[in-house]
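One structure is given below, represented as structure tokens, and several questions about it will come after.
Should a chain be cited, it is by its letter among A, B and C, assigned in written order, with residues numbered from 1 in that chain.
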Amino acid sequence: MTTPLLQIDGLTKRFGGVIASDTITLDIPAGEFHAVIGPNGAGKTTLTGLLAGEIEPDGGRVHFDGRDITALSVDRRSHLGLARSFQITSLFHDFTALDNVALAVQAHSGHSFRFWHDARHDRHLREPAQAALDRVGLGGRARMRVDALSHGEHRQLEIAMTLATQPRLLLLDEPMAGMGADESARMVAMLRALKGNVTVVLIEHDMEAVFALADRITVLVYGRVIASGEPAAIRADAAVREAYLGEQEATRG
Amino acid sequence: MLYFIEQLLNGVQLGMLLFLLAAGLTLIFGIMDLVNLAHGSLYMLGAYFAATFAALTDSFVLGALLALAATFVCGVVLEVIAIRPLYGRNHLDHVLGTFGLLLFFNELVRLVWGPAGMTLSLPSQMLTAVEILPGVYYPAYRLVIIAATLAVAALLYILVMRTRLGMLIRAGASNREMVGALGVNIKLLYTLVFGLGAALAGFAGLMQAPILTVQIGMGENILILAFVVIIIGGIGSIRGAFVAAIIVGLIDTIGRAFLPDLLRAALSTNAALTLAPSLSSMSIYMLMAAILVFRPEGLFPAANK
Amino acid sequence: MTAPFALANPRNAAVAALLVMLALLPLYTALTGNTFVMTLFTRVLILAIAAGSLNLIMGYGGMVSFGHAVYLGLGGYAIGILAKEGINAGLLQWPVAIAVSALFALVVGALSLRTRGVYFIMITLAFAQMVYYVAIGLERYGGDDGLTIRSRSTFGMVDLNNKTLFYYLCFAILIANIYLIARLVNSRFGLVIQGVRSNERRMRAIGFAVFRYKLVCFVIAGALCGLAGALLANHTNFISPAMMFWTRSGDLMVMVVLGGLATPFGPLIGTVTFLLLEEALSRVTEYPGLFLGPALLLVAIYLHGGIEGLLARRAR
């Protein structure tokens, strides 16, 4: 029985009097495509922050590949192989798409105390960056400035940046928020291509995508895990149905 | 011993003045997210207005009241004309813009009142020394400063904690957009807060005028002390400003008064005399450095943001 | 800024013209006997070096330091104090000036670079004022009145008292400064710094230990400005606490913004503009602040990108 890649153990976070995360416990084996869903206010964003290292938990532990990362900083987690994409795209707007991804490559190419050579002509940075852009379908837009790209392209760029860091686990925070049908389909196809190669924790609202991609699903309500298991089981779960009362996606095929 | 008590009270008095300035600064920063370098200019205007009006009306109290009103009005006008365009900008724009205002006010004061500075005399009762403890005398006016500032602090507390305006201020400090969304007239709120800050600064300026100084550029030095107070106390926190102001006032005053003697006892006279003034003026910055190491958010960090 | 240097572009043409003018200035002085101009522009060159170092951290790095003039003072006082104690050799003085500045930057940076933007502005201001007060307390080195330096730094055969030679030395150091910073900001290190200015949160998320890079950048900027301070002390043969009074830091910020943040020649353009403006205003009126003040406010409100930005926009 191999150790799960990500072990979340009793993770708790309070903001004033509100419990945002309530003793969340979850194991995610390597290679799994795991989705986390829940109604608004369920604490999904807080969970993302806790896993990424931006928020300090009040209780509980997180283990990554057997190692306790609970106190580890954001950048150190990235170096261990835990990459995170942002729900509201967080890019370098005054740079080109290629620059953006190249920075992500650079972060994982040793130290950056190099003061002389033009980094924009560094093959070791530009080539992997171009490759990551190609992988998400943005290859042709590499030299465009970020503020000239569309919203959907921003989201693709978000993913490209996380992929460029050669992650073992991708933490994707609502990557399909605000996307139209076409763009969503493209994103789903791209995510499907990742399955098996990298472990994915997908935080999402888009039920179609979730049920199309996930190996297992965890449902959060008011910061607590109310159900966790295979898609079929989740769809049939009474507590989940109750939580999503009126939510049509959960009952659709 | 007597000297020590006197210096202690001087320290508290300086702390009170710093509190008035820091409170205004921290309010303006907490609510409008604005770094205001021209705050010292309002302090200066308060002093100049007081000196002018007191001379005109031949009454210190009347002069002070008029000066307070005038500074408040200046603050409001300044906010509407020059500060509003800066809201929402990055801090560099704030620094540049308010730095320009600072230069402008220094020059304006020089134009209107001349380069020499002014004096403000007190009515004779205030000049007498009061016996606060058996055998310990302290100038009445300095006690007035302490008392008046404590009163203002109490009023400020009531304002912020018990009135509707205060509630808006506290709400605005933790969530600006929300307050705007609630339909509150944000523009008016900001103007009032700025005016309040200006009045506090002007009050500090006019109160210290009789015993310290009324001259061009007087705002700059104390403004920096006020910044140190805010850093130590925590940005956005009035309570923090109060505690930090007293601490800074005490350390600065007592440091300057006693450190040279202490150093002279420890070192040879020449070296001590050379270093003493420098070292004692460094004491509050050392405190600030220590706070930055151990508690960078300040002693009483404001809840959110 | 890696675009090819085309002279047809108004911005580049202006910069080229400026550089040519600066290079030929001593010739003008020799022909007309107007030494004041050379003195003024030597100061321009030195402050442009200082402004360039501030542009590195503030323009490219987004670290708004309101205490940058302290390094002018530290560098200058290193020269002045050593000179007073009988050490005039430039090869001893100048490295000390740079080292002291770098060390101070290291300490201040370590204490303040983890704090939020506004705190950082106030903290750098406060520490700079602290040094100012320390300098005032140094009776032996002039205290409030300052200290005259009888002899400029000696470099063997090179006589820095020769104004023309000194001018070209400053010019050479300025050009070297501009070139080095231009290379730096496009290097791996420079991209990290620019990335931090653009989106610090994302930089951490992709794996950069942001603090150490900011600190190194801060130290480099401090060291460069310390060199400018050494030059300034030599230029004026005088040091005083006023070199690092906080309004001087404000002046430096204005020069950087006026010229255009995060551009290679912006600091030079800004310094020239600011000092000439200051000079012109003080001849025209007894109250230059009445115009300079509101002008700064207007620049802050309307002139994003400074003058270089204006020229660049016309180029597009």
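We adopt the following convention: a residue touches a chain if its C-beta (ideal position, glycine included) is under 8 Å from a C-beta of that chain, and two chains touch if they have at least 3 such contacts.
Being a predicted model, the structure only gives us computed values, none of them experimental.
Q: How short can a path of touching chains from chain A to chain B be, counted in steps?
A: Minimum number of steps from chain A to chain B: 2.
Q: Ranking chain pairs by contacts, what comes out on top?
A: Top-ranked chain pair by contacting C-beta pairs: B-C.
Q: Pick the chain whose C-alpha centre of mass, unweighted, sits closest to the average of all protein C-alpha coordinates shown.
A: If we average C-alpha coordinates per chain, C lands closest to the whole-structure average.
Q: Could you grab the centroid distance between chain A and chain B? Build each centroid from C-alpha atoms only and quote it in angstrom.
A: Centre-to-centre distance between chain A and chain B: 48 Å.
Q: Once you find the CA centre of chain B and the CA centre of chain C, what distance in Å lies between them?
A: Going by mean C-alpha positions, chain B sits 31 Å from chain C.
Q: From the mean C-alpha coordinate of chain A to that of chain C, what's the distance rounded to whole Å?
A: Each chain's C-alpha centroid was found; their separation is 44 Å.
Q: Going by the contact rule set out above, which residues of chain C touch chain A in the complex?
A: Listed in rising order, the residues are 2, 183-184, 186-192, 194-195, 198-199, 201-210, 213, 216.
Q: Using the touch definition up top, name the residues of chain B that touch chain C in the complex.
A: 29, 35, 82, 85-86, 89, 91-97, 99-108, 110-111, 220, 224, 227-228, 230-231, 235, 273-279, 281-282, 285, 288-289, 292-293, 296
Q: Mind listing the chain C positions that touch chain B in their complex?
A: These residues of chain C touch chain B: 58, 64, 66, 111-112, 114-115, 117-119, 121-123, 125-127, 129-130, 133-140, 246-247, 250, 253-254, 257, 287-290, 292-297, 299-301.
Q: Show me the residue ranges of chain A that touch chain C in the complex, using the header's touch definition.
A: It is residues 52, 54, 73-76, 78-79, 83-84, 86, 90-95, 99, 103-104, 106-108, 112-120, 122, 125, 161, 164-165 of chain A that touch chain C.
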